[in-house]
Amino acid sequence: MSRRHTMKWLAAGAALAVLPLSACAGVKAADPAGSGSTCPSAPAGSTVNLSMTSWTPGAQQNVDYFNIHVGNTMNPRIHVTLNVVPGGNAGTYQAYSNQIIAGNTADIGMVEYPILPSYRLQQGVTNIASCPGVAEARSEFTPAGISASGAGDPSALFGIPQDVGPLGLYYRKDLFAKYHIPVPATWDQFAAAAPKVKAAGGHIAGFQYGQPGWLEGLAWQAGARWFTSTDRGWIVNMTDAASLKVASYWTTLVRNGYVAQEDTFSPADWSDLGSGKLWTLIAPPWMSVLLATNSPGSAGDWALAPLPQWTAGQAKTGMWGGSDYVVWSTCKYPAQAAQFLLWLETSQNALTVNNTVGGQFPGYMPAVRTVPAMAGPLTVASATTGKPVKYFGDQVIWNVFTGMQASPSWQAGPTQSQTDADFGTALAAFISGSGTIADALHATQGKTIAAIQAQGLAVVQEGSH
Amino acid sequence: MSTATPSIATAKPGRATGTVTAARRRVVQHKKAIAIFLGPFLLVFVLFYLAPIFFAVLQSFMKVQRVGAFGAPEQVFGGFTQYSTVLHSSVFWTSIEHVVIFFFVSVPIQLITALLLALLLDSPLVKGKRFFRLSYFAPYAVPTIIAALIWGYLYQPQVSPFQSLTSSQAFGPLTANMIYFSMANIVFWTYVGYNMVIIYSALKAIPQDLFEAAKMDGASQFRTAWSIKIPLVVPSLIMATMFSIIGTLQLFNEPTVLATLTPAVTATWSPNMIVLATTNIPNYNLAAAISVMLALVSCAISFLFLRLTQKRAFA
Amino acid sequence: MSTATIKAPIRRTPRGATASRPRSTALTTLFMAICACYFLLPMWWLIVASSRTTGQLAADHSLIPSSIGQLFRNVGDVLTYDGGIFVRWLANSIGYALIGAAGATVIAAMAGYGLAKYVFPGREAVFNTILAGVLVPVTALAMPLFLMFSQAHAVNTYWSVLIPSLVSPFGVYLARIYAAAAVPDSLLEAARLDGSSEVRTFFTMSARLMSPALVTIFLFSFVGIWNNFFLPLVMLQNQKLYPITLGLFSWNTQISRAPFLQTYVIVGSLLSAIPLLIAFLLLQRFWQSGLAEGAVKE
């Protein structure tokens, strides 16, 4: 090819390269959480097809039921198609980000609470607060879940809470009884019981260093508030008194060898939980089915108690995980999406499936009264025998979770997944022997501030360094 | 159909004034054929190879600006902001350190073993050559990500058949002490056979008369190998080393799988994992800067390496 | 780039002493056998582990298969799970690799041939640019390609993985070297005198002369595309489009939620190795000679 031809091709390539760049600049609309936002609805008599992504067990069941029994009784009719995807952190969150850029997100997607703000930042979600039915239903959902679904804006709602993840204390009632150690109700009692458990040959808990959300939930319980969004930017404070209190508490427990270092969800972890090496598991409701499935040998030995408190008599907790279904900004008819989601999150049918198949604790508060499955003990099919087994005996574990409240003031940050990754790296350093958890908090805070600024956002106030 | 084409006119650049023909440029023959042969490749090459590089470079010089806590992003010129962030990032340098260490742990032994096995296969000392050639090459049939999954299982005490090895707390394959070796083992298992076949092919191409001369001189097998075979397969070794350099800098599959199994490998262990994690935030500009830096470093090292070994590589 | 002359690989009989030194032969063969055990062990373990249930996997760590019946049951489960998605993934991989490699080979061969046999201004500049492309890590291209494809609304499609696979700068390099060496100008001239067009000459004569290089390029591209993980990871969200690499990896990430997937990943890994292993066995002649030609030309 002659030189002239070569140049022509190069120029064409360069032009093509610049094209997407210019299209990227300023392509996204302004922040959709403005007051007075509308909620487009399909015309009466039409059929709306909604696409949805989820990784919850039971989602397909619910969608099938809806399509057959409920969707065509509505006007406009609604039909939902579900695309089952891997868990959020297993690639789906990255896929969502890619889809937002490509403009091909589905209509509805499952998102865990901590990640929602970053999708709001990417201009990827729609505010459904003004959609029919939503304002009335708001107050029936757990305040912490609603607050998280609004990504820090009390008047906005980008999704409907599916489940919440209040931390509770799963404990080996057989071991506590056998060694005559009272189940701790405060953190002081927990710390006092720790050496006794060690003397009995176990660890009072596992320190879940690979799950930053776990430690964040504990800071949440203590009253920390790491992120606050304001008109001018973000306040980042990961080193407030509450966080440092929690940090020093667990640093002491780990360094004294009273808690084991647990790689959550690993086969070793399940094995330790089943064998009695770990006497408690501080975890949310969704851990119940995972525990029952992965440690079948200890069925009947576990029970649930409220999370130990900093001040006796209180009933505070923090959340680890929990998810909602968001309405993506590509959804043409948010009114119908909201209508479907309200059904999904309040109907007895759907909530029963979520609870029995996924062990989920719904964000819809009346569910504990209206869903029969939640009035009884958790029964799962044993992984070894296949027969149904009451994993927690006759205890109705959901009542314990209902009895605690997570403060709605906690806010996730705009780059939460990066914060979590940095916190995880810092905790790995702590686990391998260097420094304290407070050091990890300081390090993570520094990196988080840089990450937020790298997004073009201002950090208006910082925690102490 | 066309008749025989005239030979290409080689006109000298016109210095003399004289006739017009003296200043005529060289005529390009077979223009249409050239366009047909080169067109398709150049089209996809420019569109899907050069354009993305160009685009990534452009993106790496931009940055994002927003208003408020959740404002929409606006791309503005950022100069070297992203590159400065990369160069100051300890995570980035740690990942470079990881792959550099990995290179020295993994590549020399891989190539030496491949060479040794190729020499042994080429010698009369081994029976059943075809079987060995096939079995050593077989791992190449397994994609590296799946090989990492398989070895991941072999490393986990819960399912591994090597209970005593994998259960060791301090020196098990998934501990921080051994993780480089465990990762190198996966790459070794997959690629030694492949490299061996390449070297073996080069050995087979050595002319017979060289060996006959050596035999007449009374050279032993070992001497023959040392003085004749090895020097003549050095070009293949150099190529293999160069591809190993490029491959090691791009290491992604093996640490990604191992990261799910052990805290000794973080989600930002290798540079490419950082690129993916950075786009997850999302911060495309920073990811582009990291990619560009990686590409530059990769090109530079390969270029330097080839320069150093130029004479031997293209013997 | 110097053009090396072709030397057909000479089939040599083993050199050196023939009847003597049985002991060193035995020792060396033993050493090679041990190495073979190392290389084959993981695949053997795959067979063994595939013959067990998930529960047995954790309990039984021997290297002896447990039950052939269970092996077949597992294979059946894997092939039918989730509407046969595994078979779909295999088919996708074969499709991406076959079509991609075939396409890449044809256009790389043509480009290399064009660069070798025709003279034009800027030829070396073009070739050097292409060669520089070999040194660029392909993972650096994935994200910009994603952004470009998303502008064209073509992400999450078969094309998004297929089209980038068609670019093989290394293939062009191999093709050029080989074409320069294997296709004599005199033959081309003769063809021209006979009235054959350039393109026809290429497809009827030159390509045949270049066939060992073509096979090498095809195999190189095929394995590269078959192994591809990063690009599909970035481009694809619809699991129906996944290649087998991404599919098995996605199953592996869901194991804590669905423990039976551990068995499926193991069985799936075994099944996924089979197509290429069979291909290697059948095409032995080609890849051994093809690589030889490639090696000689370097």
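Note that the chains take the letters A, B and C in the order they are written out, and that residue 1 is the start of every chain.
In the analysis below, a residue touches a chain if its C-beta (ideal position, glycine included) is under 8 Å from a C-beta of that chain, and two chains touch if they have at least 3 such contacts.
Please read all numbers here as calculations on a predicted model, not as lab measurements.
Chain centres computed from CA atoms place A at the largest separation from chain B.
The two chains most heavily joined by C-beta contacts are B-C. Centroid to centroid, with C-alpha atoms defining each point, chain A and chain C lie 41 Å apart. For this pair, chain B with chain C, the centres built from the Cα atoms lie 15 Å apart. Residue positions of chain C touching 2 or more other chains: 58, 120-121, 126, 147-148, 233-234, 253.
Those residues of chain A in touch with two or more other chains are numbered 1-2, 6, 16-17, 20, 24, 98, 101, 267.
Annotation for chain B: residues touching 2 or more other chains are 28, 31, 34, 38, 42, 50-52, 55, 59, 158, 276, 279, 284. Within the complex formed with chain A, the chain C residues making contact are 55, 58, 120-122, 125-126, 146-151, 153, 155-156, 233-234, 237-239, 250, 253-254, 256-257, 259. The touching residues of chain A, counted against chain C in their complex, run 1-3, 6, 16-17, 19-20, 23-24, 55, 57, 83-87, 90-91, 95, 98-99, 101-104, 265, 267, 290, 293-294, 383-384. Listing the residues of chain C that touch chain B in their complex gives 1-2, 7, 9-10, 12, 14-18, 21, 24-25, 28-29, 31-33, 35-36, 38-40, 42-43, 45-46, 48-49, 57-58, 61-63, 106-108, 110-111, 113-115, 118-121, 126, 129-130, 132-133, 135-141, 143-145, 147-148, 163-164, 166-167, 169, 172, 192-193, 195-199, 202, 223, 226-227, 229-230, 233-234, 244-245, 248-249, 252-253, 262, 265-266, 269, 272-273, 276-277, 279-281, 284, 287-288, 291-292, 294-296, 298.
By the touch criterion stated above, chain B contacts chain A in their complex at residues 28, 31, 34-35, 38-39, 42-43, 46-47, 50-52, 54-55, 58-59, 62-66, 68-75, 85, 91, 156-158, 176, 261-263, 266-268, 276-277, 279-284, 286.
Chain contact summary for the complex, chain B toward chain C: residues 1-5, 8, 26, 28-34, 36-38, 40-42, 44-45, 48-53, 55-56, 59, 117, 120-121, 123-128, 131-147, 149-151, 153-154, 158-161, 163, 189, 192-193, 197-199, 201-202, 204-205, 207-208, 211, 215, 221, 224, 235-236, 239, 246, 249-250, 252-253, 257, 260, 272, 275-276, 279, 284, 287-288, 291-292, 294-295, 298-299, 302-303, 313-314.
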